[in-house]
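Encoded as structure tokens, the structure appears first; notes follow it.
Naming follows writing order (A, B, C and D), and every chain is counted from residue 1.
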Amino acid sequence: LKNAIKAGKVRAPTHIVSTICDDRGEEPTYAGVPMSTIIEEGFSMGDVLSLLWFKRSLPKYCTRFIEMCIMLCADHGPCVSGAHNTIVTARAGKDLVSCLVAGLLTIGPRFGGAIDDAARYFKDAADKGLKPFEFVEGMKKKGIRVPGIGHRIKSRDNRDKRVELLQQYARANFPSTRYMDYAVTVETYTLTKAANLVLNVDGCIGSLFLDLLVSCAMFTQHEIDEIVDIGYLNGLFVLARSIGFIGHTFDQKRLKQPLYRHPWEDVLYTNVESSAQPR
Amino acid sequence: LKNAIKAGKVRAPTHIVSTICDDRGEEPTYAGVPMSTIIEEGFSMGDVLSLLWFKRSLPKYCTRFIEMCIMLCADHGPCVSGAHNTIVTARAGKDLVSCLVAGLLTIGPRFGGAIDDAARYFKDAADKGLKPFEFVEGMKKKGIRVPGIGHRIKSRDNRDKRVELLQQYARANFPSTRYMDYAVTVETYTLTKAANLVLNVDGCIGSLFLDLLVSCAMFTQHEIDEIVDIGYLNGLFVLARSIGFIGHTFDQKRLKQPLYRHPWEDVLYTNVESSAQPR
Amino acid sequence: LKNAIKAGKVRAPTHIVSTICDDRGEEPTYAGVPMSTIIEEGFSMGDVLSLLWFKRSLPKYCTRFIEMCIMLCADHGPCVSGAHNTIVTARAGKDLVSCLVAGLLTIGPRFGGAIDDAARYFKDAADKGLKPFEFVEGMKKKGIRVPGIGHRIKSRDNRDKRVELLQQYARANFPSTRYMDYAVTVETYTLTKAANLVLNVDGCIGSLFLDLLVSCAMFTQHEIDEIVDIGYLNGLFVLARSIGFIGHTFDQKRLKQPLYRHPWEDVLYTNVESSAQPR
Amino acid sequence: LKNAIKAGKVRAPTHIVSTICDDRGEEPTYAGVPMSTIIEEGFSMGDVLSLLWFKRSLPKYCTRFIEMCIMLCADHGPCVSGAHNTIVTARAGKDLVSCLVAGLLTIGPRFGGAIDDAARYFKDAADKGLKPFEFVEGMKKKGIRVPGIGHRIKSRDNRDKRVELLQQYARANFPSTRYMDYAVTVETYTLTKAANLVLNVDGCIGSLFLDLLVSCAMFTQHEIDEIVDIGYLNGLFVLARSIGFIGHTFDQKRLKQPLYRHPWEDVLYTNVESSAQPR
């Protein structure tokens, strides 16, 4: 068959289409850039990520911002849902991939996975010119929590250092921080409602990535919409926190921790709504 | 190409080989048995599992035993590693598959996944005619815990009801319980060492499945070795507990439980062995 | 601390709430039913599932229907997305849980996971009394494919045997098949549009489960809405197909299949939309 | 209770121990280094990884090597097992985390997960001073393939560029490349047996990481053994390839690819060894 295909006698329709990496030649290329260029020209990890996700080389202030997001989100202690799952799995004696994956599966709307939604809603509201109170109260009417706002621990008087560092960097290096500025006015409003309704790290990254995409002038409007629609930005948190989850796995194995069992006395066994009646 | 293949002009070498289920005809068949036969002849779930895993129809006392294993292992409360991970993931607002999977990933040597190893070691020791103390002390010398022995909660005076129910059934219905009897003599010995070194549910199923495979006389010696080598038996626990993990997911969603965060005061932050020195 | 809690000196607020299985007593109970009752009274797997998912014992015609759904969906050959992923993972030499999980992760809107959505939309349309064409064209206007309708392979003249068998059983045993009848009128309409727009197995189970929930008269209206909202029904497919995915794992290991690599000539490497410009 | 604990009235034994990241203070610290230091002193991703995995700051030539490993392993096209699973899952319409995870689960002994084993065996053989032919033939006798040797596609005359780039870097920057040199002599020997028995990227990274750990003089002998025993090094590949798997997910979604079904004609349905006999 292979010969027949080569000889052009039969046309085999392909079942897979792929565009980011070509592994057929002498050396693999990422969005057209060969491996040796990546090493010889001193690319950084942010550069490689840009090639594989966005299929283009972004300016240095953008790739450094990507790396900062990843470094600042790389871990946040053992208590968060994801690290906890990873720790429990490591203590069950499972392999590295299983431990990492058990942690990743908690990433979603309530933990680390609100970056895309934050970008979507902030973009929509800012583009429409909604006043913060119009936006927040409108969301409330629809029964949707503003993504990117709120934290279990952080609050007005106990700010999230990660958010501050990213904002500082962007103010100093981005041509424009229009979307982030909008998000901050939203935070100002929500903080009048409750002290823990701060702009969280998801909301900060979500709004700043909009600023990045617009200000670097390397994406069409259609491409920006696509990135936001498809939801690229949660990928930053997912990749970042993988570093931490892998670290927690090694940590538990190094500490030779035994099988975890949640303490009985921490569980409320209840059956109020049940109507189970054995036959 | 399809036409060329049909016409026999080109021979396309296949890249996949598969034997358990044929979906090409009018109706799918499981190991050769069509769907309509399965329904019309009143097959049970144990029958279907036999067809897809063992590629043959086992006698009723075997398939009922399989169903009993699955029913008795279907859940064991919210505190075990797997259910806990599932609960944490459900409370992070994730979809059913993610919640189930986060739980499944904890199944392994220390939680629910010792059935195959128990079968391997008990088979080897019983076939060699090792005395229980020779076997147990030999394992100790190799630094291996006897799989199928030991429980975090159960003990001599707080027996595992599941183990008792399976043993009763087997004594009443199996032609022979030689391997289980051997495992019980091992338990008698380990209980002299510590009260929680009982024959656990993994060890009970592992030894009884050996009895099932031998006593039904439908497998060659080579096939039994292959089943034990490849490790089919953990599949029983994995499938069984999936029922419970799915149940826990629904339970948490019904209870509208919020994001879980492990309490800080339950964590010992330590850094004794570290030598990290920021530059 | 435990003593202090027992002595009632400190009140420890619990962090976990759970209702389906109590493992604290002499023997675990599923929704209040002890293990020994389950075995002694000859419960089936459908009974156990009812206890753990629905927290009640359903009538025999319901639990047999649940078992039929599971048996008929247990496998559908090696070519579907999920089995394919499982096979690839098994051929990479990974453990059983990893292989199963890689398959499960494909279950979703396009493969096996449309049961809940089918139930939601058919319930809404039937309860509102929408004519099939109103319903289908209304969905089209919203740009949503009717869940439960359509198959990659099956069509008007190549019916899905599984659908037929479930329909037959329900007609013979259910007090009412109102929702399924509605789904069939929808199919009649969509078949006028294209031959592969049949009622698929997701749609069949989704509509029949509505009939089951209503006709057994053991659920309040609120409870039925909750089951449909939370999305219990995909759980049936997930559990069922786990049997097949585990079977495929064993099959590949038995066949000693080597690492899978997708053939290069089946991939179209393209870069049309890219604008990657190495610096 | 919290007050009682604070007041020192009850001692609550902690159930979790953790050492890599402290999130309790004003700002999180990675192995003692606060977030603001990481940003202000211009740490790179390799630096952060060192802190979270190895709990110390490694010299620049080490962290650059770590970054090179990650960049070179970030992707290797759509045909390898992991990318293929990710693509199939993305085409089933699943969320980013599910797609990534389905790919990660293929990483193991045959795909990307032989780095630790390579390090283990090369270390053992080199430390014992085994001649390459003694080592390779000894492994053969034990029936174990030499991890880190062999590739499905690469061969003597079609070298893996990634391996070459890493070797060049190490020769120019590492104080010693003793383990890598040993691995190369092994390759020289295996290449006399078959042309595809090259030192693969797993073997290259595995041996060079040994050189890194020894040559930087920041780890005790015991710590190096622990790193190799626990298996830290596969973590590099796992993290690296996550970038690619996330990229493939976005790529498929951008391309709006439909549900994948493996072509029937590429499957050999066989049942030779079966003895299934429907009752």
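Rule of thumb we're sticking to: a contact is a pair of C-beta atoms (placed from the backbone, for glycine too) under 8 Å apart; a residue touches a chain by one contact, two chains touch by 3 or more.
What you see is a predicted model, and the numbers here were worked out from it, not measured in a lab.
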Listed chain pair A-C, A-D or C-D that repeats interface A-B [over half of contact pairs the same by residue number]: C-D
Residue-number overlap at the subunit B/subunit C interface, same or different (half cut): same
Chain whose Cα centroid lies at the greatest distance from that of subunit A: B
Centroid distance [mean C-alpha coordinates] between subunit C and subunit B, Å: 22
Length of the line joining the C-alpha centres of subunit B and subunit D, rounded to whole Å: 29
Intercentroid distance (Cα basis), subunit D paired with subunit C, Å: 35
Contacts with two or more other chains, residues of subunit D listed in rising order: 12, 15-19, 22, 24, 78-79, 95, 97-98, 101, 105, 107-108, 254, 260, 262-264, 267, 273
Partner subunit C, residues of subunit A touching it in the complex: 2, 5, 12, 14-19, 22, 24, 31-33, 37, 41, 51, 55-57, 95, 97-98, 101, 218, 262, 264-279
Subunit B residues touching subunit C - in the complex, by the definition given at the top: 15-24, 26-28, 30, 34-36, 38-39, 43-45, 48-49, 52-53, 67-68, 70-72, 74-79, 87, 95-97, 100-101, 104-105, 107-108, 113, 161-162, 165, 169, 226, 230-232, 234-235, 238-239, 242-244, 246-251, 253-255, 257, 260, 263
Subunit D contact footprint on subunit C (complex, rising order): 1, 4, 9-13, 78-82, 84-85, 88-89, 91-94, 98-99, 101-102, 105-111, 152-153, 254, 258-264, 267, 273
